[in-house]
Amino acid sequence: MSDKIGIYVCECGPNIASRVHIDKIMEDLAKLEDFKDKELVIKNHKLLCSVDGKKFLEDEINENGFSHLVLAACSPRDHDTTFINVCKKTKLNPYMYRIINIREQCAWVYSDKDVATEKAVRYIHAGMNRVLYQKPLNETELDSNPDVLVIGGGTTGIEAALSSAGENRKIFLIEKEENLGDLTSKLKELLPRQGSNLNVLKQRISDVQNNKNIRIFTNTELESIVGFLGNFEIVLKNKKSDETTELLVGAVVMANGAELQNPQELTDFNFQNDDNVFTAQEVEEMFSQSDKLTLRNGNEPKSVALVHCVGRKDLGYCSKICCNYLQKIAHYINEQSNNIEITEFYKHLCLPNKEDQEYHQKITDKVNFVRITDISLCGTELNLTKINGENSTLKPDMVILATGIIPAKDNPKFAKMLKVDLDERGFFNEAHLKKDPISTNTDGVFIAGTTKGPAGISESILQAQACAGKILTQLIPGQKIIPEVMVSEILEAYCRGCKTCLDVCGFGAIYFDEDKGVSIVNEAICRGCGNCVGSCPSGSIRTKYFTNPQLYQEVKEALR
Amino acid sequence: MNKGIKLEGEIRKSILDFFEKTLSNNTFDAVLMPMMVPSEDSYAWILVKDKNLLKDAEPIVPIMPINAAKALKRYTRIGDGKFKIAALMKPCEIRATIELVKLNQIKLDDVTLFSYDCVGALPMQDFIAEPQKKGTLFDKLLKEQIYNSDETKPVCQICDKFSNCASDLHFAFENGNVVLISNSEKGDKTVTKMKFSPNIDLKNWQNNIDALATDKKKNRAETFELVKKMAEGFDNLSETFALCINCHNCSSVCPICYCRKCYFDSAVAKPNSDVKMMRAKQRGGIALPLDKIMFHTGRMAHMSLSCVSCGLCSDACPVNIPVAQIFSYVASQTQKTFDYVAGENAGDALPMKEYKLDEMGELGEMVKKAEVQESHNE
Amino acid sequence: MSKLLKIENNFQDTIKDFLKNLLENKKIDGVFSFRKNTSNYGLITDVKELENIAPLYPLMPANAGQLLGRFTPMKEVIAVVIHPCEFRAFIELAKREQGSLDNFLLITHTCGGVYPLKVNVKNEINEKQYWASVEKGEIPQNIRPTCEACEHIAPQNADILISTIGEKNDVTKLYLNTKKGIKFAKYYNDNLVKKSFEKENLKPLLEKKNIAKEKLFSAITDTGLDGLIDIFGKCVGCHGCNAVCPICYCTLCDFDSFNYDYNTPILEKELEQKGALRLPPDTLFFQLGRLSHMSFSCVGCGQCSDVCPANIPVASVFKKVGEKTAEMFSFIPGKDVKEPIPVMIFKEEEFPELGE
């Protein structure tokens, strides 16, 4: 079968046509010495990506029975996929075609039409050299796995699990502690007055345990993960028994929560364990257990200071929920006794939720709100600078600190395993702050709850449900996924198993065969980035569609 | 500093006796040691299991025809064995072994490494030409503990790492005595199994070695000043490698070069006729074989971070190019850039395989400075 | 019937002028020749660069046959000036689809031999002495042992054969043995006469060479297992011989591949059986393998001996074994591109004596 090459020059309306001599390009291509003996069809078109253009191209390919196709048009980022899809409708394998960018790289960067024209001819010539070395590549199909791994058995994780579980979708929920639950289990009530959180949480835990589509692993951590949306290979490890479990899932929801900062680590806050300085969390527990606020000696305090924004200076961000729960604590204290003097020190007061203002109004005449710029603590003595610049000292009986929410210690480990970014604070980073707030830069890994930053319960539940929503639409049971075709392959005959490629693979797509002593690419996971190709000293790895001979043919023309 | 164990007898006998005992009492199942070849003008690596064959072995050999790391590599790259073996080699061969472990080419799980104080090796072809004469010369160097003889290979003459290294056990030579030193847990296990009690003080020996090493280091620095002129810049390099015939012997014998098919021997180095003609036409002519200097600089880029200055490359060069000195010099520079010393410590990660978030900040500074300079010039 | 072109000038200048003419008039696209004061060949496309060639220089940095074999088929024609063993190696490669004869105008000469590489390293090549010996029809001193023993010094199947042995260096005789040779010679000078090269004139030298060959072969006393163990005992397994051998064209030698990458349990088994194991293994096996794979086509160029780090006389062994096995099939490597390699053809009746 002899080669017949189709070369189509797109005018892109006036975008290309006005900046190069289309006729001259086609003339020069027809005169190329080294293609003298090849059958060429050289045509132009006003706009190949239009409905007309695509139909034209499809008809041309079908009528001519091309073996290779070169399209001189715009950037591959714009329309490579468009033309691949056109090829798919014909007998021409889409990987026997190449798009050459004569718009951004020729027409749009030279004011001299002749120069742009000459460069366009050379570029297209390079592409013609290249396609002759291309080989047909066939797409394979994998069954997209609809199941989900939820990491973290707290409010958020449980919500994500319950919202996405179904007949055709199993959820694997893992929790590193002995029991399901989270920091909120220590709360007496939800704000404002929505009933005992413990009851709600207990109910949710019961729901998740009784759901036959949800499998729960406690004392379990994530050992390893490779893959992408629809196709993750997971290994779980039980901390107690050391037993591992291998699973296949289609998506992962990170809901491992956050931690509270220890105020004793802050240089401005100095107190001993036996001082009457408490964190808000400790106070919540106190109310939850005994319904009473007491000092360490069991007596009721006469004066209490509630301090907002503890550690805000160090952390550099607002922990969102403290203003709210301090209101609640102020209410509790006031209910306990009118005689307890309550002072709240705050840098900013943040009460954006429904009913927050109303709740706050109820307490304003019972609490002394003092706005400050700076505060430090020594025992129970507070030294502060008010907003008007005045310095002041207060020594109440009891100090209650609202401490900052900090990222979970495990986040860096997870980030590395899941190949997901952390932001500068150390919380998981979303794909886009506004447009894609619960996806990450790894397809198929979603984040919800405090793992991505300070959040309240309703916000966390919202995010968990959003993750479920994404999963429901992106991972349809029975759907097929087509893994990347332009993947790397390791020539087994040449590999010496030094594992350098394994170390540089950003996707964990290479594994080592102990028996043969060679490295092998997992084509279902590989994304064709080419890192491994560069790292192999003997050049034993090549990426399909971007092999050395193919690239060389293009470069050779440029260096002529 | 730990103490050593004195072994009775002169060097060759005491070491052979020691290993014979280890085979008898099952401390080891086999020992890797050199043995003379039938034509009696060279040595080969033999893994000996039958202790009766050990008497023909030669623990301290005058030449290095094959780097022991290469021999070991063919034995332990893949598969799990059941034998525990000992391997006796020169310090630079130990260093090469350590580098190959990092490159996943050698597994040391069942291997106990032994080294010894090395007086150097003689150029291989000189020995093959006159084995008797050179053999006698070497025996003299060993007996008299001469560590800076100019009869040894040029790289040996400037080697300051000729004594204890990253082996498990080391044979120290002091005043005609052989003292065995344990360097690791594995070494301690051997000492225990052999029912030895370390009681020899090593301070004097160490001081002596340190003094010799200082001298050799100075020699090394001086030599590198001269070698620098041969290696830096394309013109100098072209001149140094003018006689090179591109046979690739240097990379074939190099213990670090582990690739089954060298990149510079692959299709990349053998372009089609149209490319050859295009290159010839661009300059009026090209030299064939192609790209000699690219091969050498490429090899430097690929392996200089692990170069242990064993000198096999110079021994193997058919046109007597001082490859080992050139590569040792370049390696000293590239290794310094990453604060890395090849073969010293199995725990040091290979620079090219390790990713650090903050690295080579000085390059960033240099770029900034250059940019500022450029904008001033404009 | 061959033709002869006689030019009244010395060998070097005649060749240079001939090539210059062809290149200037675009009858050829390039010249392949040894370059003066270097250690490499050059592919030259600019006439000015031709000043720097030294076409018959008695040094062989690489067997040119190997380099020519790496030229994929092209429409350009290159004039090539090489030694007979390089030419014959190229013919052997062409038989194996590893060389394209159409690419080249193949010019060789009656060869006095080349010097070992180390002689050049020591700067001991005496051109004057060399050419004096060639003129006298004697074997020059200090050339490669396989060159001393070489009897294939006048290939009749090259396009052009330049007669130098026994000739005074003031007249250059170019024997044109093929249509291509005649065509290109005519471009330069159409003063051609019908005349074939007379091998008779080389008879005295060939007798001397035969004696040298017998001496070379008899120095290899034993090519059985013991003898080979003795010879190759000090082989370091660098495979330099294979790298420079023009006939060894495999992209990845079998002995470097997986097939010989044993795992530890296999080696342990052998260790148990024999009590000792040489590492790396297969030193001799590689030599036997190479002998069985390529010795038929060995042209005795001697490149392998020159690069051997252990000074093993590889070329002598391979030449001896190669010649004797090729004799069994009446095969002469490099003589005729149409002559098939014995192991590549099947004859129904062969080796009747073995049957007996």
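All chains are identified by letter, namely A, B and C, in their written order; residue positions are counted from 1 within each chain.
Assume a residue touches a chain if its C-beta (ideal position, glycine included) is under 8 Å from a C-beta of that chain, and two chains touch if they have at least 3 such contacts.
Everything numeric here is computed off the predicted structure, so don't read it as measured data.
S.K.: Does A-C or B-C have the larger number of C-beta pairs in contact?
M.R.: Spelling it out, more C-beta pairs touch across B-C than across the other pair.
S.K.: Taking every chain's C-alpha mean, which one sits closest to the mean of all protein C-alpha atoms?
M.R.: Taking the mean of all protein C-alpha atoms as reference, the closest chain is B.
S.K.: How many angstrom between the C-alpha centroids of chain B and chain A?
M.R.: 47
S.K.: I'd like the Å distance between the centres of chain A and chain C, where a centre is the mean of that chain's Cα atoms.
M.R.: Distance between chain centres: 64 Å.
S.K.: From the C-alpha centre of chain B to that of chain C, how far is it in Å?
M.R.: Spacing between the chain centres: roughly 36 Å.
S.K.: Would you pick out the residues of chain B that each touch at least 2 other chains?
M.R.: Where chain B meets two or more other chains at a single residue, that happens at 77-79, 260-261, 266-267, 274.
S.K.: Can you list the chain A residues in contact with two or more other chains?
M.R.: 493-494, 515-517
S.K.: Two-or-more-chain contact residues of chain C, please, as numbers and ranges.
M.R.: 252, 257, 261, 263
S.K.: Which chain B residues qualify as touching chain A in the complex?
M.R.: For chain B paired with chain A, touching residues are 77-79, 103-105, 258-263, 266-268, 271, 274-275, 278, 302-303, 352-353.
S.K.: So in the complex, which bits of chain C are touching chain A?
M.R.: Chain C reaches chain A through residues 252, 257-258, 261, 263.
S.K.: In their shared complex, at which residues does chain B touch chain C?
M.R.: For this pair, the touching residues of chain B are 30, 32, 37-39, 41-42, 44-50, 52-53, 65-66, 70-83, 124-125, 128-129, 242-249, 252-253, 260-261, 265-267, 270, 272-274, 276-277, 280-281, 283-289, 292, 315-320.
S.K.: In their shared complex, at which residues does chain A touch chain B?
M.R.: For chain A paired with chain B, touching residues are 34, 493-500, 503-504, 514-517, 535, 537-540, 548-549, 552, 556, 560.
S.K.: Quick check on the complex: what are the chain A residues that touch chain C?
M.R.: The touching residues are 492-494, 515-517.
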